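Here the structure is laid out as structure tokens; the discussion comes afterwards.
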Amino acid sequence: MTALRAWLSDPNPASRRQARLGQAWLAWQRIRRNRLAMAGLVIVGLLLLVAILAPLIAPHDPLAQNLSRRLLPPGTPGNLLGTDDFGRDIFSRIIHGARITLYIIALVAVTAPVLGLLIGTVAGYFGGWIDAALMRLTDIFLAFPRLILALALVAVLGPGIENAVLAIALTAWPPYARVARAETLTVRSSDYIAAIRLQGASAPRIIAGHVVPMCLPSVVIRVTLDMAGVILIAAGLGFLGLGVLPPTPEWGLMISSGRKYLFEQWWVATMPGLAIFIVSLGFNLLGDGLRDVLDPRSAAR
Amino acid sequence: MTALIEIENLTVAFRSKGREVRAVEGVSLSVEARESHGLVGESGSGKSTILRAICGMAPVTGGSIRIGGRPVPTPRGRAFSTEVQMVFQDPYASLHPRHTIDRTLSEPLAIHGLPGADARVVQALTEVGLPPAFRFRYPHQLSGGQRQRVAIARALMLKPKILLLDEPTSALDASVQAEVLNLLNRLRAEQGLTFLMVSHDLAVIDHMCDRIMVLQHGRSVEEITRDDLAHARMTTAYARSLFDASADRMLDGTTEPTS
Amino acid sequence: MNLLEVKNLRVTFATETGQVQAVRGVSFSLGHERLGIVGESGSGKTMTGRAVLRLVRPPGRIEADAMTFDGRDILHAPEREMRALRGKRIGMVMQDPKYSLNPVMTVGRQLTEGLRLRDGLGRADAAAKAIAALEAVQIRDPRRVMDAYPHELSGGMGQRVMIAMMLIPEPDLLIADEPTSALDVTVQAEVLSILDGLVRDRGMGLIFISHDLRLVARFCDRVLVMHKGLVVEEIEAAHLLEARHPYTRGLLNCLPRIGGPRGPLPVLDRAGI
């Protein structure tokens, strides 16, 4: 353990891999000292664990109906968080719902930021008419409220989880493009970009190898902070019946179906709502912590 | 026999807030191979802009630039980068903060498809007086002088003939400045380099350069040799006022302790 | 009695890797004179200047055996008292005017704000006083400068505005941290002569922090040479160029000189100090 630590904190790394791991270890040391970020990390880690082990943890089949045991309150033996209007176990449904939430988050997280980074860095690096064209396109997307645009897209594409993800990704990229472009504009005029240009590097090489690494931290922070919003939009689409189709145990859909019983059987809608709340909070805390660790401005010295 | 760098009637003009700013106007100069030529002037004199114009980082709106008798192409292209390289003023801004020294030095080789990166990087570090153990460090783990050494090593990776030096030591401490200037002089002698150096410090320029051009407001005021400078044989009033302001940098301005 | 008395000043920073001492026991006294503090980056010269104003941010900590200004204890004085001293009786000019002036306020407003708030002057009186201050730092067209925003000024102009701003309350002590190193040599000479005039005419005390030995030798009365948080030598400025301490000598020798020999410059022997 101490040997590993010494290896990681060696001021003179012997290989590229050691240098990179050493930097990662330093970042980890910094984030470990941030208690709120660690709390966020624990929540997100738990979400991951629950999603992976869902069939093992869940006491019941999330789809199994039992009409004789419908709308039981939380704390009922065998149904920790109660049952819904079809007698399905809410606890099991929330646990399986974590898989769907994670699936949506993962898909959005690999599509929207990549698209945004690409458009933002290209626009910022080249400037001129390319910048104008790409940024007006971004403005068009930004001009619509996100949920409305996602709704319209799903209405065209038809309901379903893949279409919901596509709609969310298509509405989520413009802010990343803006962040990436702003960052690119400051990086573009720096001496190290001038130096690599003077070495004869091509534009794709400069953008991918030199500009993107500088934009990545701010985009990653934005993505983490936006994840809460993505969960809420996915839930909103589910709530409106335009996202995941029933009987899939998706949290938004569960809130929607519990709405009818909100006054008498409050737990049906509240329990998935709490799950959304906790996971969103986790991502927000993590995003805030990452900002402190990754942001080149705050971590300058 | 033509000079290695020939600049004729160079004009650089920008548009800024709707009006034209002429950063450089009608400057001509020629630098022979293996010569070290200096450009001095105060801020706004256009001295750095001339270097940037040579590299294609500032728009040439008039006149011509020839390297080795051939006009430089626009964009400058890969062949140009094996002939001319630049060292920037601020070593804290000229190295990519998220790249290791190794990556910074090996990238030029990768761009030009040159083999043997491992050996060349180690050799380059040794040449500029850095221990090879620094190879996988990040810039923030180096001091200002060490960073500037890395920047010099990077500029020499492609074995250029011409090095453009833009105030390479003005961000460094005096003791580090001496080390970097010595390094540059040694490399020039060893590799037969041609220097075009910009500085606001007459003493630095005098130490490094054979011929010196004095610039003011984007125009060339006077071109003098090192010898003329040492004996204060300048003809224009502006060059003299610069010289007078640097009087404390004269050789006899400091006397050795009498013991 | 001396204007400023500092005994065994220490500034420590608690960092991830432990305690770092930026200033390790500096003592000096200052009368109505020009005291230069020279040293390379990391020598603690800037921290010494800021510590006198107690402007060291946490995790930095200031300790000293004694620190008095005009007979008053400024080591233990409450923050409220320090705020009253700063600006009014002790001024500070920083290296780069770009970061010291508020970019969204005109120069005139920044100059008169203190006068109107603190001294309760009327608009016209305050403006008159500000214009007088700008004239004192040799600004030829003070009315135009009053209406300008900081970005519309050149570096030398901005630095002069900073000095004017510090001089309006007529401080007894001015701490100038590299006030001229961002300026061209010809402008530098002007700014120095302004500072010089103020010390002579108003009897102000001046702490002049710089990395430039030759400048300090020419401009100051007395010089402290700092290295790694310690004063290695205290010497009359007139004799600085004949200093005998190996560190000071090393710093002087490694400077290139006009008309000097072309061979390698002597390099500071860091191991020997």
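Here are a few things to note about the model shown:
Going by the order they are written in, the chains are A, B and C; count residues from 1 in each one.
As a working rule, a contact is a pair of C-beta atoms (placed from the backbone, for glycine too) under 8 Å apart; a residue touches a chain by one contact, two chains touch by 3 or more.
This structure is a prediction, so every number in the text was calculated from the model and none was measured.
Taken as a graph of touching chains, this assembly forms an open line, each chain in contact only with its neighbours along the path. Farthest chain from chain C (centres taken as the mean of C-alpha atoms): A.
For the pair chain A and chain C, the distance between mean C-alpha positions equals 50 Å.
Distance between chain centres (mean CA atoms), chain B to chain C: 32 Å. Annotation for chain A: no residues touch two or more other chains. Taken in their complex, chain A has these residues touching chain B: 11-16, 18-19, 23, 190-192, 194-202, 205, 209-210, 213-214, 296.
By the touch criterion stated above, chain B contacts chain C in their complex at residues 42-43, 144, 173-179, 181-182, 185-186, 200, 202-204, 206-208, 229-231, 241-242, 245-246, 248-251, 253-255, 257-258. Residues of chain C touching chain B in their complex: 40-41, 155, 184-189, 211, 213-215, 217-218, 241-244, 249-252, 254-260, 262, 264-268, 270.
Those residues of chain B that touch chain A in the shared complex are 55, 57, 76-78, 80-82, 84-86, 88-90, 93-100, 102-103, 107-108, 111-112, 133-134, 136-138, 141, 151, 154-155, 157-158.
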